[in-house]
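Accompanying notes for the structure given below.
Chains here go by letter, A, B, C, D, E and F, matching the order in which they are written, and residues are numbered from 1 within each.
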Amino acid sequence: MGKIVTFGEVLMRLSPPEYRKIQQSTQFDFFFGGTEMNVAASLSKFGLPVQHVSTVSNDIVGEAALAAMRQYGIDVSQVKKVDHPLGLYFMEIGSGMRASQIAYNRMHGAFAHITPDMVNWDEALQDCTWLHWTGISPAISNGAYETLKAGLQKAMDKGIDITADPAYRSNLWKYGKDGKEVLGELVGLSTIFIGGINEINEILGTDYSHYKDNFISAAESLMAKYPNIIKVFDKVRTGVSASHQKVYGRAWVNKHYFETPEIEIVDVVDRIGTGDAYAAGLIYGLQHYDDQHALNFANAACALKHTLPGDVNLVSADEVLEVAEGNISGRLKR
Amino acid sequence: MGKIVTFGEVLMRLSPPEYRKIQQSTQFDFFFGGTEMNVAASLSKFGLPVQHVSTVSNDIVGEAALAAMRQYGIDVSQVKKVDHPLGLYFMEIGSGMRASQIAYNRMHGAFAHITPDMVNWDEALQDCTWLHWTGISPAISNGAYETLKAGLQKAMDKGIDITADPAYRSNLWKYGKDGKEVLGELVGLSTIFIGGINEINEILGTDYSHYKDNFISAAESLMAKYPNIIKVFDKVRTGVSASHQKVYGRAWVNKHYFETPEIEIVDVVDRIGTGDAYAAGLIYGLQHYDDQHALNFANAACALKHTLPGDVNLVSADEVLEVAEGNISGRLKR
Amino acid sequence: MGKIVTFGEVLMRLSPPEYRKIQQSTQFDFFFGGTEMNVAASLSKFGLPVQHVSTVSNDIVGEAALAAMRQYGIDVSQVKKVDHPLGLYFMEIGSGMRASQIAYNRMHGAFAHITPDMVNWDEALQDCTWLHWTGISPAISNGAYETLKAGLQKAMDKGIDITADPAYRSNLWKYGKDGKEVLGELVGLSTIFIGGINEINEILGTDYSHYKDNFISAAESLMAKYPNIIKVFDKVRTGVSASHQKVYGRAWVNKHYFETPEIEIVDVVDRIGTGDAYAAGLIYGLQHYDDQHALNFANAACALKHTLPGDVNLVSADEVLEVAEGNISGRLKR
Amino acid sequence: MGKIVTFGEVLMRLSPPEYRKIQQSTQFDFFFGGTEMNVAASLSKFGLPVQHVSTVSNDIVGEAALAAMRQYGIDVSQVKKVDHPLGLYFMEIGSGMRASQIAYNRMHGAFAHITPDMVNWDEALQDCTWLHWTGISPAISNGAYETLKAGLQKAMDKGIDITADPAYRSNLWKYGKDGKEVLGELVGLSTIFIGGINEINEILGTDYSHYKDNFISAAESLMAKYPNIIKVFDKVRTGVSASHQKVYGRAWVNKHYFETPEIEIVDVVDRIGTGDAYAAGLIYGLQHYDDQHALNFANAACALKHTLPGDVNLVSADEVLEVAEGNISGRLKR
Amino acid sequence: MGKIVTFGEVLMRLSPPEYRKIQQSTQFDFFFGGTEMNVAASLSKFGLPVQHVSTVSNDIVGEAALAAMRQYGIDVSQVKKVDHPLGLYFMEIGSGMRASQIAYNRMHGAFAHITPDMVNWDEALQDCTWLHWTGISPAISNGAYETLKAGLQKAMDKGIDITADPAYRSNLWKYGKDGKEVLGELVGLSTIFIGGINEINEILGTDYSHYKDNFISAAESLMAKYPNIIKVFDKVRTGVSASHQKVYGRAWVNKHYFETPEIEIVDVVDRIGTGDAYAAGLIYGLQHYDDQHALNFANAACALKHTLPGDVNLVSADEVLEVAEGNISGRLKR
Amino acid sequence: MGKIVTFGEVLMRLSPPEYRKIQQSTQFDFFFGGTEMNVAASLSKFGLPVQHVSTVSNDIVGEAALAAMRQYGIDVSQVKKVDHPLGLYFMEIGSGMRASQIAYNRMHGAFAHITPDMVNWDEALQDCTWLHWTGISPAISNGAYETLKAGLQKAMDKGIDITADPAYRSNLWKYGKDGKEVLGELVGLSTIFIGGINEINEILGTDYSHYKDNFISAAESLMAKYPNIIKVFDKVRTGVSASHQKVYGRAWVNKHYFETPEIEIVDVVDRIGTGDAYAAGLIYGLQHYDDQHALNFANAACALKHTLPGDVNLVSADEVLEVAEGNISGRLKR
């Protein structure tokens, strides 16, 4: 099995400790993350070889971002340094009914200045059997979009599996392109779709409502328009409060619907990166199990990430497997 | 709309971190608070002009207390420095069935030494349209009582709205006055009563029990004796455990009873200041909405404070409004 | 009433803060504990005189361990210094469905090198009316086993009450002795048994299943083989998740079965030492109340420990009593 | 005496603790500062009324920046919120021979987007008797330059004292204007010059070398070209190492040269803001003492700032005075 | 050799970390100390049996103070709980030329309420061969004075060695007694005097200046008036800055003058408790060495305390001895 | 230029913060280090490819050790997991005249259990042009000695440069071998000697004293006995106090003596790893400069490490070069 390659921004997250507002603190906890890099890091923790393609700032912050990626076992040979600050965001962490609040500083950052000539995709895709991207990357800048598209085209040519996680965030997409259109174009350069009714509605311009039958119809429509997509995996979240979440997975593959049991997390430690944990779990699962078990693994990985601080799901495949098999008692391991 | 003026002690709270006992720690987290100052700070965060009347110690602690108040946007021109230490208390924070424990050091502090000549009430009440007090202040010392009474009388003369939150704590009131009698006298110098059956029983010497009908009867009795009181707002709390609370509000206004839905907080971050958050929410609500919506706003503000560390409800009016309208999913705000 | 003596290893526990993995942290929180020392510390907090018998390292770590024990009010005159490092373990603290993970470093430590000649049992047992041991100690080394046995024999001769908490952990017992056999031998030198079906099965080689009737039969069998055992107290735990536990106690004394109500802990702060809190509660209870109330006290102590960080149940007897009597509202104590 | 008005960027500074590299840490200490705001804050601590003119981000970071300024007693009524992130920088703190390293993220920030229409200079300059600016502000963007110039022109018309601290940093000035030319223009709209040979060389295009006689000649040349400048005050620093600095002040006023004794700081706690402390000391000094004592006061303020963490010189005028008078024994004040 | 008994207040010290002002912090580091208790703790660390006589608050703070004392190995059986808060003080830690600043809160605390009937001096002085007091204790309240005097009289009757460290602080002594007179009376109930020209001038009303010859004359005068004093030991400190101190000891015993070399501390970690370290070193030294070596030991102990955080000199006698013998290279001990 | 390979133990270091004793703290700061791994990490920071050969524990601690090494850019493919705990040590950090104190726990750890069959030296030495070892490794266990010898023999056969840093620590070497003899044998399998008179005396059994001429004679004798050694580099340290050190380098190469200027560090941040920084600087220097400049670079690297926390010299080659060229002003880098 070859390496898995991811592409996307590396961001610094800064939060005051203990549910505080910035004004109540003199310190920030920080983590390096980024939706696609998180996927790579989780897969590395599962034991798979990974590489991330990105840019970081050419300063002390970029140095630390590189060290963080290396710590996760990520090959950083295609992470270039550019003379723009690393993207970052501040988050005041909510609790219960109080939502977390975020302030971004990324639109003029290192990743926004990536261009296709900075990436040697041939080198990146050598010995690569899986490529993963999300809808955040092409939303940042035209350069990011062009760079991603170049990679996807090469990967499609090489027959590499490509997971697309094309979430559409309207408050990004400021550089002029129509986000929904671009996402559609890139889904046309992918093989596995991670998303549900919302994502499909955005890409197809449809308005399916949120029922199971609709999920199937939506998935069917998507695959009709993009026959290159052979599997659709969705993650369904119910947010009772900032501290209390429920998640389950569902899928439409080969005209077959299946889903996982719902897992409930009543004491959320950190919600960031739970979707990325799902994607990583799915990629690992599809490489090791059948589709149903892959989905179970993905949902368990997603649930476990809620219990761990930071952006990255630093749990082993064995820990995920145990939860996927229904053991959620959290019994002490001596 | 003019400014809101509050009167009362500023206290430092010191707690060992992470539910520890003092003996298990080498550090304290500290906050400046004080039941009436918390109300002012919350109202300032909602965007209203506020002033606090008090005394602080004439030392490095008092300097820091002033800085804290200024940070909250509070006008401190009527906070005087006196040569006595700032009041403070230690709190070991409980969890679940284990109660928090408090040790006070306030009875010989800066606020206990306030006297009417230290406060220029004419200046404080200029452009003021609302005055707020609680039963804690007159319990500290005769000087505090006299100072408050002087302010209330001037405010009544000027037709200013006056919220009375006359909680009776028997372990205060050590300077010789009969607390219940004093509270009655001061309620006679107020226009809106924040309290329920307990508070009314204490002031009237009655013994209403804890049923809804009784609340109405009690409120009626209160308004019969103190016709200056035109509205009665109560907050009802059910403490399942130190970490799990339920709150709702009820009111008796113009012979009309109304109440709010109950809100449940299952992961209490900090219980201190939740009553103050209610009072601030009520004052803001009464200035912006009808009585029912004001009560909803107050209860939502109270609930939100449980999710935030510190004494002060540092949430915006928009955040409160959202909860008041029933959105308690705590969904991440990007 | 004389002093209570405990015997066992003193360990340092090291954990990264806030549910982190070691890799995500630059700091450890640490506590000194040890299952039997925790019992002594809790009893001291209840107001009883206690002494601990052990060895610590002859270095800066052992110095600190001694200071910690003295802080708890434990008589350390029979804690000797030896030229081997103090035992320790690392724990990554789990949450929800994610289990805590532990890495031990104790098999070549100070306690593993204890030998009978290092302990003056005559001095330790002077004015002693209670001796407590657990199955961890004889599992560490032959010297530990020999030292404990010497103490138990002297204590039996003196008619001292002896609580045996003989949990069998198969991943200890590396020095050659058959653990189950040794535990049986030492139970033969004790008067009160703390344990349930699992522990009895291990010692007797039986295979009782987990029903109430079986508990009684198992206890009967145990007392048939070891007539020196006059009371059997069990603690039953249900682990919903790492953060959510339920506990109740049951007992078989004088052919009489009784149990406590179950107490639920939904926001576990620290699970370590909850069994030790039970044992200490039981010893205190048996010295002050009848057996049913002793059991209630033990279960309440166990429940309370879940709400407190660290290894030791630093709550007062009054706090336990309140919970034992059913007050679990955690209402703030001003 | 009227208020003092300052104009400039508010920045967040983020540093890993204890001389660490970012890669060695999981936390940042942060401070809000900004060269001109620091001057305002120091003057407020000395007891003078101050106002700062600026923009902050319209998010949780900008909220906290406003709270910080209010905490320092700064009037923020002319600080506007704009939809761009607050400027910030990361600093790895050096020690001894190891230099501190900085990474900026400010060129697309809130202050870079200030424009003259956002500031009501008439309101800001009402009751104002002193205006202070530095060469950093006009270097950030054309809007910042235009806004400052508008204020200076109005202040000159009103006869307000204006301190210019026109340090030229070549790595700023990216928006197209010639920095040295702009600084000259703005010095022409000021009355007191804070700077020495370097600054004068940059503005006049001269190349005076670093000897005392040259300082006088340089100052003379400056005042010849800009007769509006009536006083020149310089600060001379010798950096033995990152932890060891020496500072003294010198001046040329009315054809008269004078200087202060040199003060040595052997254990630098924080170098940031020492120049701002000098400027604030000078403004306070010129308002309260003769020129020589003002300079002594400024140099003492600068020296004291090295001993205090953060950007702002949070010492009282009395503390400065004591050092200005030569008491540097740091004797404990009980 | 019997135990050493000390008498005096136990105080909590609270400081913001890292040389910060309170206003710049959200946390305090805290230590329990007290000039006489510090002496006891240091002596215990040297291996001697010690007991402290005092009162603490009957609350969670007093509990923690007791635990701290026990941790240091101090016998606390004569420390009583009273219903008044524990004395405390805040300290902003200075650096270089910036002095530390202190705000006390002790005049209505637990120790101020001690009275002779609370202390069983007969029990305290049993097996006691040394009693130590300072001039702080009788300055706090009449009760403290009376209690101390009662102890001194009993100790004199028993022929116990008594060290008097009668520093006079004018800002204490608020309860009506003439401090200098009281100190004289109590020096009349002591055998060894720790102090120099300042202290002697205060007690005798003389005005010796600060030269060596004067020290001898002063000591002679003191011993003439108080023939019970048989030895006089002085500590001479030169404060270059808050971070840089020099200390040496001198003595007058049996008409013989001797002194120690001066030790220089260039990076002071914590100055609090350095005088107490000297006193403890002296007591230990006088019990183990001749007078000259005792003085060397005392001065080395004092110097070492500057390098250690907290109030107590937690170094071993061996570490002191090494410095007393001139090894100050601080070479790593593996 | 090929990679550099290092061989040796990876240790965890644990220290209470801020110069505290363990007893005064509830937390440890920790770092992963190890004398040879530190060399690899520093060389990686300089930009060179490195690999470390070792064993770590097969648990959560070993996982974190691997992550730390990867973070430094070290190839860990020859680091094996074994079922023994990772070696560690506690250090109480001294200051001024107070020495740091260390307590080791390594003699039964993961590295002590390394055996030659665990290492694939052929793979490790592929593309390798430099091998580095120290005298600590063969002192730990016979397995470590055998493993190292196997590697050295293969490296000698391949003509790889081998730096030997054979410090002899008598308190290691507990497994039966004669340490001095072993070190001599291994020096016979090396090409560059890092050490001075002490090290040579130990290996040759000579007793050269500490003068320059003796260094030359000693080096000559060493090279006479071990003609494979072609260069001798020494580091000379003067420890004024724990906080104040001086270092310079000297060498004997091709019958030629040369040395560096002495560099003084007056505020030591962390002394651990300064010798390793020297070794790494030397290896980098010898690959890039002539011998004199290599030595200058090594000494500058050593000096810089004193200013940085942690075991690893995380400075760039440019930073070292600047200090090597005499710029030690520590001027802020914006």
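The working rule: contacts are C-beta pairs under 8 Å (C-beta built on N, C-alpha and C of every residue); 3 or more make two chains touch, one makes a residue touch a chain.
Only a predicted model underlies this, so the values are computations on that prediction, with no experimental measurement involved.
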Shared interface numbering between chain F and chain D [over half = same, under half = different]: different
B-F or C-F - the one linked by more C-beta pairs in contact: C-F
Separation of mean Cα positions, chain D and chain A [Å, integer]: 44
Centre-of-Cα separation between chain E and chain C, whole angstrom: 41
Per-residue overlap in chain C, given as positions that touch at least 2 other chains: 21, 23-24, 26, 67-68, 71, 101-102, 104, 266-267
Touch-based graph of the chains, sorted into line, ring, star, complete or other: complete
Residue ranges of chain E in contact with chain F within the complex: 71, 263, 265-267, 269, 303-304, 306-310, 314-315, 319, 323, 327-334
Chain C partner contacts - residues on chain D that touch it in the complex: 24-26
Residues of chain A touching chain B in the complex: 18-21, 23-24, 94-102, 104, 169, 171, 239-244, 266-267, 271
For the chain A and chain D complex, residues of the former touching the latter: 14, 21-23, 26-31, 57, 59-61, 63-64, 67-68, 85, 88, 90, 92, 101-105, 107-108
Chain B residues within the chain D interface of the complex: 67-68, 70-73
